[in-house]
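A short write-up of the structure that comes next.
Going in written order, the chains are labelled A, B, C and D, and every chain counts its residues from 1.
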Amino acid sequence: MPLLGSNSYGKSAIRLVTIVRRGAHHELRDLTVSVRLDGDFRDAHLKGENRGVLPTDTMKNTVYALAKAHASMPVEPFAAAIGERLLVASLAATRATVEIAQHEWQRVRLGEQPHHHAFVRGTPQRRMAWVSATRDGAEFEAGIAALGVLKTSSSAFSGFLRDEYTTLIDTRDRVLATEIDARWRYDQAPESFDLAWRSIRNALVETFADHDSESVQHTLYAMGTTALERCEEASEIHLSLPNRHHLPVDLLPFGQENANEVFAATDAPYGVIDATVRRDGGRNPG
Amino acid sequence: MPLLGSNSYGKSAIRLVTIVRRGAHHELRDLTVSVRLDGDFRDAHLKGENRGVLPTDTMKNTVYALAKAHASMPVEPFAAAIGERLLVASLAATRATVEIAQHEWQRVRLGEQPHHHAFVRGTPQRRMAWVSATRDGAEFEAGIAALGVLKTSSSAFSGFLRDEYTTLIDTRDRVLATEIDARWRYDQAPESFDLAWRSIRNALVETFADHDSESVQHTLYAMGTTALERCEEASEIHLSLPNRHHLPVDLLPFGQENANEVFAATDAPYGVIDATVRRDGGRNPG
Amino acid sequence: MPLLGSNSYGKSAIRLVTIVRRGAHHELRDLTVSVRLDGDFRDAHLKGENRGVLPTDTMKNTVYALAKAHASMPVEPFAAAIGERLLVASLAATRATVEIAQHEWQRVRLGEQPHHHAFVRGTPQRRMAWVSATRDGAEFEAGIAALGVLKTSSSAFSGFLRDEYTTLIDTRDRVLATEIDARWRYDQAPESFDLAWRSIRNALVETFADHDSESVQHTLYAMGTTALERCEEASEIHLSLPNRHHLPVDLLPFGQENANEVFAATDAPYGVIDATVRRDGGRNPG
Amino acid sequence: MPLLGSNSYGKSAIRLVTIVRRGAHHELRDLTVSVRLDGDFRDAHLKGENRGVLPTDTMKNTVYALAKAHASMPVEPFAAAIGERLLVASLAATRATVEIAQHEWQRVRLGEQPHHHAFVRGTPQRRMAWVSATRDGAEFEAGIAALGVLKTSSSAFSGFLRDEYTTLIDTRDRVLATEIDARWRYDQAPESFDLAWRSIRNALVETFADHDSESVQHTLYAMGTTALERCEEASEIHLSLPNRHHLPVDLLPFGQENANEVFAATDAPYGVIDATVRRDGGRNPG
């Protein structure tokens, strides 16, 4: 009889919008939450016995039931509260994993005046949080998804390895564009999750902007290094950087020179560079 | 033998990024361009005779060939130049239509300092421009796509028509969320296409924010009215407003009241409201 | 005061799955329905007066309430029933438009045996139906969305118009790929909507397959002509054919010839060809 | 100085279409290929030294250069050839990972006759292959992505764990719908990769169809068990099954009973069930 290996179950894409009202002034938060349970669910798989199975519908309800009390806190303690509650509800579970994506809304401004209750959708950037809760405690990770950045200078790619299939030519000046996907681990909870997130987010953007890039790898490592410098509670950071190629258009057939002025932006194929940067002396990742 | 009715052809999704370099300071523009030709292309359809058919590949090349000279102008005159050139190239064409979507990038700021050459992807909002060029001249339309807005107060929907399938209950306080899709016609070219676009965009957002809404229709008309007031060159505006429903979660089973604080955001189904608002005395639309 | 021009409202993306049970044998249907009302809704827009406004939520309920009685009929009479009901419910409405997209599921087969109640998702092709109902009667249109087809022979593009921006070279042998988007009008209701739809669908695919194509335009007209020949109730057909370019890869740098064997499939930019083919003597389209 | 942890780079979304011509009869294959290299790329990250970095553009060229010679083989040996070539080209690489997704096209049939060179796009199901090549040899995995299945009978969910947030009610008859995402490991290469893939694909669909399901977990385990029984070279299989909820519409307010006949299909939130099923005595996964 085949063995049941690692397994988990849960609910994804729980869309949750909360409003906190301070008189006429409203705070808006727009989240997508996913929850997962790992544990001993052998009987459900092998025997169709559901006695130990908390429905994913209940997991969704749990997120909504805890939403109001946590609407003013950062997403990380909200995620931890969900995880802890799910471990209480499910004796079979050994781990509850909660992922929260926070979508950006910007308050409308009329002149200099921030509006009390109207918002404009922000950039596609999502603030991410992950909590992995066990009966021994919770581990916190944070991150960013889909933060698009582009620089029109200070990016090169040259001196690379060539073989018989290499047709790319060296360049000392190219457009560098990516969508930052970052995930970092907190060895200890920062005093302010909001400030910690903001300082790493800014570290990534600023380093991307100012680095004299010899390659995506080169800039990735610099970004990770600065991120760890700016936030001492973060012990390691993983970055995944797709290379959104912008190809200079050949204008010579039309009697024009193209001094890196006109580009065709392409979606596919795209390069992708992944790496983890780790604080020296930091804990080895599991 | 069947007749050939109205027909057109062209190239869509031409992705064009341009850089204008003023010393170390770079201007970035990110466009998606589509072009279409209408005209007498009977022989191509009925006989497979391509003598009068300008390839769509050439249309794409035309966009790239004209990009450099127009990189510093608003998108509207760029679109007009493309349309005029295509009419010169294709004798069979009676009309060239050009659509340009401008994608948002925000300049990186280090503290208060704007960065010379680094950018962060902006909101999903796209500035739109359409030019319809004939041998008699060009008509200009502008617009906005995917401008997401949400308000947490001053929105009601009550006193509506009820029938045997109506289960909706009246509300005097709901979340109102939409993605504005707007398209307006200029009776005459505004002095500054950039300023005209900005003033209508702001009119739409500000009216959405401040209106005491009895329905999407009610707010749509108010938005269109303000837009025409703020830009005298615009003679009519079409608005399409999906109603992105935010459903209050029933927290009573969990022993909590939900005073419009916790919502499930939904994608489907969604309402949609469409209307044209026209300046009185304005030209009747074709 | 600005005028209210043409306007409409309704509900989109109503997802409806029905099961008809004939003993152990189940029939499955998976639809996406959209409904719209046109009419005199001035007071809603100008005054925020909702007395004449049937909620879009009620429109959704109407679709569900009529689903059971129409689950065994073709989608066209179901759409007509929805439209007629909405005209009864809304006195202000002068026109109700209903769009139905039918998603494809294929019955699972175990060997030669069709399964009673299990299904596999079919191709992305969607059968479309539109009914436009007024107090004078209903007009029927049908169509197809996203029917992907590709041929590896019998497609050329040569002898076209050239100008100074033309770099494309003649080809007598290319890959031709498109996603057929078709919409046709029935002058009178066919005896069987299902058979009529099937015969036009097959006419389009077979003509695409067998035509000696000199261009997309050339094949489009042939497809439309055959469609009208095969279904006498259809008076005109509109076809929109994106040209999904497959670019032969230059293998010469790698010491290989590419005799139309290796292609890079691209998404953007893409050509697009649109035309209406009309039965001679047919009614002129509105 | 921070440490560089695990890292990799490569090219994704390489779109490759090949034609094999046997006289007038053409074979079509449509693939999306991704390649990755792991290895010692410290100097690239820390020093911006690209001497050991094979460009991702060259990786793409490698895929195209090897395409012709492998166009008639199953995707697995093609993937292995790409991986082995990349290890030859890059001395720094210790592992080359190649992923291939094969998109479905169905040959057009005219009556009973298969067409020589015309195809219709098939279902969204993608055949997947992964090869992980090191200097010690290659490991093969295969899989399926996005295989949509739905059953209208023989699916229950009852007797589950309840807590204070549980509102779900027991059901002995529900619609069960999912998109199968499967990935299995071959301990030894099967004689025919095509037959092995087909037998596991059919095992999954047939078990889904015929199983008396007490839960997604219950059916997942049954599917994995049958898959391993039908293909002895497969040592373990991972299944990820989103639960695409179909909610019975409450028709009572409209005076109708809903005996599981009318459903609203929903996208979000959705359940998700993940598990690995492993042959007893099989190798422990890494």
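Following the convention adopted for this analysis, a contact is a pair of C-beta atoms (placed from the backbone, for glycine too) under 8 Å apart; a residue touches a chain by one contact, two chains touch by 3 or more.
Nothing here was measured: the structure is a model prediction, and the numbers come from that model.
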**Prompt:** More contacting C-beta pairs: A-C or A-D?
**Reply:** A-D
**Message:** On a CA-centroid basis, which chain has its centre farthest from chain D's?
**Reply:** B
**Request:** Would you mind pulling out the distance in Å between where the CA atoms of chain A average out and where those of chain B do?
**Result:** 30
**Interchain centroid distance [CA atoms averaged], chain A/chain D, Å** = 24
**Asked** How many angstrom between the C-alpha centroids of chain C and chain A?
**Response** 38
**Request:** Would you pick out the residues of chain C that each touch at least 2 other chains?
**Result:** 15, 61, 65, 165, 167, 253-254, 266-268
**Fill in**
Per the touch rule, the chain B residues reaching chain C in their complex are 1-15, 36, 41, 44-58, 60-62, 65, 89-90, 157-163, 165-168, 213-218, 220-221, 224-225, 228, 236, 238, 242-243, 267-280, 282, 285
**Asked** For the complex, which residues does chain B have touching chain D?
**Response** 164-165, 167, 253-254, 266-268
**Item:** Parts of chain B lying in touch with chain A, wherever the complex brings them together
**Value:** 15-21, 24, 26, 28, 30, 61, 64-65, 67-68, 71, 105-106, 108, 110, 115-125, 147-154, 175, 179, 205-206, 208-210, 246, 249, 251, 253-254, 256, 258, 260-266
